[in-house]
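In what follows, structures are represented as structure tokens.
Each of the two complexes below includes chain A, the first together with chain B, the second together with chain C.
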Partner chain A sequence: MKRVLFLSLGLALLTPFAAAQTATRTIKINGYGGTDQALVNDLINRFVRPVMAREGVTVTYQPLQGDYNQALTTLLAAGNAGDVMYLPAETLDGFVATGKILPLNGVVNTSPFIRSLNTAFTRNGRLYAIAKDFNTLTLVYNRDLFDEAKVAYPNNNDTWSSLATKLRTLKQRLGNEYYGICLAPNWDRFGAFAYATGWQQFDSRGRTNLADPRFAEAFTWYTGLARDKVGVTPSELSAGWGGDCLKTGRVAVAIEGGWIVNFLRDNAPNLKYGTALLPKNDKTGKRGNFLYTVGWAINANTKNRAAAVKVLNLLTSAPAQQYVLEQGLAIPSRSALQNNAYFKKTDPGAQNARLVFAGADDGNVRAFTFGPQGPDWAKPINEALASVLSGQRSAADALKKAQADMTTFQRR
Partner chain B sequence: MFRRGQETATAYLFLLPFLVTSAVFFFYAFGRAVYYSFTDFNLFNTPQFIGPQPYAQVLADPSFRRALANSLVFAVVTTTLQTVFALLMAVALNNRIRGMAFFRSAWYMPSITSSVVITLIFLWLFQRRGVANYLIAQLQAYGPLLLTFLTGLVLAQVLQVWLERRAGRPAGWFDPALAVVSALGAGAVTAALAFLGVVGVREVLPFDYQYFADKWVTVGGVQVLSIPLLVVIIQNTFTTVPTLMLFFLAGLQNIPGALYEAADIDGATPWQKLVHVTVPNLRPVTFYVITVGLIGTMQMFDQVAVIGSAAPRDTLITLAYYVYANTFRAGAAPVNMAAAGAIILALIILAMVFVQRRFFPSEVRP
Partner chain C sequence: MTVLPAAGRAAPTSPDERWLARRRWARAGWLYAFMLLMSLFFLGPFLMGVLSSFKDNPNEYPPRLLIPQLSARYIGAAYNLGVQGGGGGWRGGLHPGRTVTFDVQVRSPAGTPPAPPTVSLFPYQPVSLVSITRFAQARDFAQVSLTPAGTRGEVRSYRVTVRYPALTRQTGRVLSAQIGAPGDRLTATLPDGRTVPLTLDTPEAQAVQYTLAQYQPVELVERGGTYFLRGPIFERTPLQVDIQRGQTLAGGTLPPSDQQNFGRSLAYRNITPGVLGYTFNNYRRAFNETTNPATGRSLFFTWMTNTFLYAFLRVAAAVVLCSLAGYALARLNFPGKTLIFLGFVLFAQMVPSQVNLISNYVLLKDLGLLNLWGLWLNGLVAAGGVFLMKQFFEGIPRELEESAAIDGAGPFTTFWRVMLPQAGPALVALAITQFQGAWNDFFWPLILLRENTNFTLTVGLSNFRELYGGQGDYGLILAGAVLSAIPVILVFVIFQRYFVSTGADSAVKG
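After this line comes the complex of A and B, so read on.
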């Protein structure tokens, strides 16, 4: 057995032609590590491998553990990245700049996919990935706490002020050990509220204006929720994020997306929760939201483009997306799946999914991104949020510093 | 002659693995870093020479300045603390008492534990509702009792020593036999007062202090030391002291016992012996310990990486972390700036060691 192995290895090394042929017959897929692995493996086994095997193509799957962006960067730089891979919309710019991502215009049919998702992956008219699924933010609330405080649940008609009143009343009635809402000192939650006011992340020259009164309005409202401890940051409860906050049973509302459903099922099975859309800004009457999405992209240096395209099409095919949706694992990116029966179910998970889906098309919805300078863009905003939420600065002070830091950062 | 040549060849053969690894992972890597620091390299493009521009960008970067300040503060404070504590521990452990082998091993434990594990433990200790805050709250609650006990202890001791001396017997202020009696007395008094309800445990709110937040020790309005960095300083001192202690212990073995005997005859106190005999004789070891300490602390990285986003970036960023964060991003990254930062870090360390060599000679004074 061993001898056969050595012999074939030797042959493969000796004949470049044979080596090239084996290489073209394998398509490697890169994806996230952790809990995502089981799902993608399942998807590949069900929808990709059987089809590709008929064409004599082997499909291998290599999940990258730890920080996916870093791991993928290293693989791309070394020329070892997969033929097909996950590409997060939030870090798209950095990867586009590498020149290693294949533009998909004319290569893949993009019309079945939700348009705003295609926009999220487009730069300078070139589309770099097909969204595999997406998420938006919702208000996820603990029913028991609202019942106990005899306060009405948050609903889809709430405005910023009506929601704030509900939370304040709840806090007053439940007392010291309970909190109204979990407030992450982060752009990735707060930004949705900034968008509700009509504020733009970048102006025509690519600059960010944090001194804009609309931004200040959102900032003051968000940080104002922390007054009298109505709002609490996750770290104050030794929690990492909104899901952990809800799990403690002491926080009534968290601003999270569909990812919280499986977390609560596994970590707080007895928690009765409901979902509502984010509240509307009082002035504009609109809500803001983020589109969080990850797409499938193709390596520009792939040795077998045709097979890679085929794999990408299979991964984003209607049957594959239907399957993922029905497992309650993700919200599909195909517009045709909007009327799927799953969305009509009444269990809290399906209800959350329906509102996450609805959130993508309600108000000022923008793709979650840091822009061309990467995640450091959000740093001045995150620091400002942290300093006000922890009571170290006034909102006006923090905004002034944030704008100064942002100007320095963008001048680089 | 032939034999000598063969010996040299053998020596080189044994040195070969080390030479090869340092050639590849040090000299080649260092050369590449210097080269990249003068180009526009972003990990994916073909590097183009652009002169010292990356250095200008790095020096203008507020993150870099923060990292530089953090690194310097961290290096100076940690090196001072760990050197002093290591010396004191070595002196304490240099005695011949029963079970010393146990104490030596026990005190060495923190050094052989992985710094990642220790960092995680420290994160846990210094949580908002962690052990550190719990102990402070307990201290506040039991404060009246503790204070009563301590006051009683001091008063009883003073009284006893005074009585002994009046009776013409020599008694030191820290006489252990008298101290035991004083402690028993103070304990009894405290218990009695607690029973009568004069003093008791106070009701206090849980001590609520967030260590891993954007909090700073400021001097004249300038942010000098962040609280998260202070926690890392405590942790780093805790883990490095035992290693450095070992060097001092080795150094102590080389100090001739005759010097201490002479000092004893001259009637020197333990403190005088430490300052005038031990410290001067340990000078070469101290030089080594400080050098190793400075280099190690200037390059501190692992603790920051493990704490990661648990603390605001600016409070903990060090030069080594700055280099890392500018290299490993999503896609194209300013590797030229990272390389420039790394070269600046190397130059700073070089300058520090040079200054130290120049002004603090490592030889024992004759």
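After this line comes the complex of A and C, so read on.
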């Protein structure tokens, strides 16, 4: 009995800490840590706080460090998540299933935003987030290597075969130490090429068909680049990704998005690089691409829905997006910004940004997603790519195994 | 003539003895080889990490063991360049009104064009972890020129001169400051905390007034209470040198940090580094580039103080509570003693802490304690520590307490005056393990701490991985890891003998 008394006394002593929670209306925003924290705080200070303060609403940003999806899942489950939050498109399905994300149809005006971005956040006709910014894949190339080999730079008219020829010639002229292209054994790069053929990630029953000749065509082309060491995987150069590959100065092309610009500026400051759109498939004449996007979503259980909607509108407003673009920090999701002066600059970073923006609306562009079963969906494809790129299997063999693995996975 | 016997031990004569001696030596050899191998296994990665933390490209392959950052010649050169830049040989940097010379040697074989290299300054400021402040770049303020400095055989020498004219011609007391918060007028915060308006007396100074961001370090001249802007202070002076086709780099004041274009495009990320900016560049970055934009204070430094505070609190709590609880369980008689020992001490040790994850998290959240204090409360009483102290007190002879009781001491006086003074070794062992446990704690801080100003080092360091899609800036990660390992290493080196003697043996003497 006494112990119970002591315990409750102890707890009673601690409660004043709990009372420190504010009584005023607060909108809490969840997002990534790192530089996003500084950026969003900057946006909040410039565009959100001045407006919301007039209504007596304080706005705070709470970054979730580390694995964002994991942290957000925990917070949503604990009822502790922010009112407004980042929602990555690739994990949208899992969060939608929890029912804790507010559908925005009729709540927010979606017409100023790029249509494919809205589609990326739509499930069963319901829109769950407004794209904050986005990225697509581009070909980023080392000018010096092409100059030295006297091969024309990759350009926006290249097809799969013409690009392969350029890379092969470059490899032949530069020799053993140099490589044409950095090939990540990963769906998040390869998938763009599969889409170029017109292949669909899921059929009407939600199944993935890797035996589709169109998928096989992309797979054979992508892995065929590794023949004669024209293509190289990052790990063979003790690199982690395409940016690391380019930094070594020994690889001519990497398939990366706008995130490579800051990396190269910091880690390979004297690398002269250019950007081109991904090559077109020879048969369809179209490019494929991924849309990597993160949206702003609203917590369905927010206590201040009107204020949360207002904050979301301010964060995606035209002035806010223009500011972010001109700082060179992200590509805006408003279609009206495509004529912004920033895109006409000639420095390699701005050139990359322009092509990343253009890539969102050129050919078969699909949102980057793993589907309802999560990131494990890509495993069979990644394993197949790795086994062929490292020479352990033939492409046909690997595809057969991947299809079998995929069928097992999707039956789970 | 007599044969003197050999000094010392006589050499083994019989074959058996010789065999035994050989076995002894062989055994010692095996033992030493095994110990060397083990220390290579355990220390090797750490030493490679320390070495890589000095490099410009810690991820280089194959990794070099002899790196310029640790050679006396280049450290001397870095010191000298720092002095020329005006920031001193240790800190480096480029200050207004200074001129820096930097030598480059190019091998130009016969038949190649003898044209000189092209030189330029380029903007360079690594994206920091949390700050998006754009600092002024040396390229926009300083001029660079190239003069030939002689030829020896195939090698031509060139002298690069970087001249940074001051923005004002006023003379007086020169002092460093930081640009203040944006407002109607350009202001600067002096080292003593005062904010003063700046006078821009030249067209050059007026031209740059809108380009300087808050927290930009600047140099001022004070004359009669008026502060004139001499110009921004640059932490780095990045120089790019492009040599002609067919030529190769033969040497220079410092080796280049980046090479592109088949070794013909050379980038020197900083030609006024000073020793700190050259050898300890990544360490300085760990502090400087985590500046919190809201406060202007280094987050890394905050994490370090947080960790020290947390470790100190944990040690203090463990020493007080574990010794009290241990003594009570060892000596006092009260109902439910065995139950408490079995249930609260032994059982608590058997349950993995992950099991309490959700309940503790929810409890602390409801108490509003998702911070350092909650973390402390969560690990307030270490069951292992209570167990250690209980066992220790049980080993102390009862006669001591009995004699104290005869002298009229109550239980607390006995504990405080008689038993606790005996418990030194056990308390030290407890303190060390608690300190080390708190310092290296990752799981609970990761779960409980939400604001990056509350982080401990372990959680903060994991943040260094966040740049560039999780690839991370390895230089920062390694520098941070080495810094965070130092206190634990010091504790181990200084107190290692207490790890061996848990106090059980000294208890017998008591």
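Criterion: the second predicted complex is superposed on the first by the 388 of 412 C-alpha atoms of A that agree within 3 Å, B and C clash if a C-alpha of one lies under 4 Å from a C-alpha of the other, contacts with A are read in each partner's own complex, and residues count from 1 in each chain.
As a working rule, contacts are C-beta pairs under 8 Å (C-beta built on N, C-alpha and C of every residue); 3 or more make two chains touch, one makes a residue touch a chain.
Everything numeric in this text was worked out from a predicted model, so none of it was measured.
Because the two structures share chain A, they can be overlaid on it, and in that overlay chain B clashes with chain C. Touch criterion met: A:Asn41 reaches chain C, while chain B stays clear of it.
Considering which of chain B and chain C touches more of chain A, the answer is C.
Judged by the touch definition given at the top, the superposed model places A:Asn301 against neither chain B nor chain C. Using the contact criterion defined above for the overlaid structures, shared-chain residue A:Trp259 touches chain C, although it does not reach chain B. Once the two complexes are overlaid on the shared chain, A:Gln338 sits clear of chain B and of chain C alike.
In the superposed pair of complexes, A:Ser238 makes contact with chain B and with chain C alike. Looking at the shared chain after the overlay, A:Pro269 reaches chain C, while chain B stays out of its contact range. With the contact threshold set out at the top, residues 237-238 of chain A are in contact with chain B in one structure and with chain C in the other. Chain A makes touch with chain B in their complex at residues 67, 69-70, 72-74, 76-77, 88, 91, 93-100, 235-238, 374-376, 379, 382-383, 386-387, 390, 392, 405, 408, 412. Chain B meets chain A in the complex at residues 42-44, 57, 60-63, 127-129, 210, 212-215, 310, 312-314, 328-333.
Across the interface of their complex, chain A is touched by residues 57, 59, 61, 122, 124, 126-132, 238, 240, 258-262, 265-267, 269, 293-294, 361-362, 365-369, 373, 377, 446, 450-452, 455, 459, 462-463, 466-469, 471, 473 of chain C.
On the chain A side of its complex with chain C, the touching residues are 11, 14-15, 17-21, 32-35, 37-39, 41-42, 62-63, 65-66, 78, 80, 142, 144, 148, 237-241, 243-244, 249, 259, 262-263, 265-272, 327, 329.
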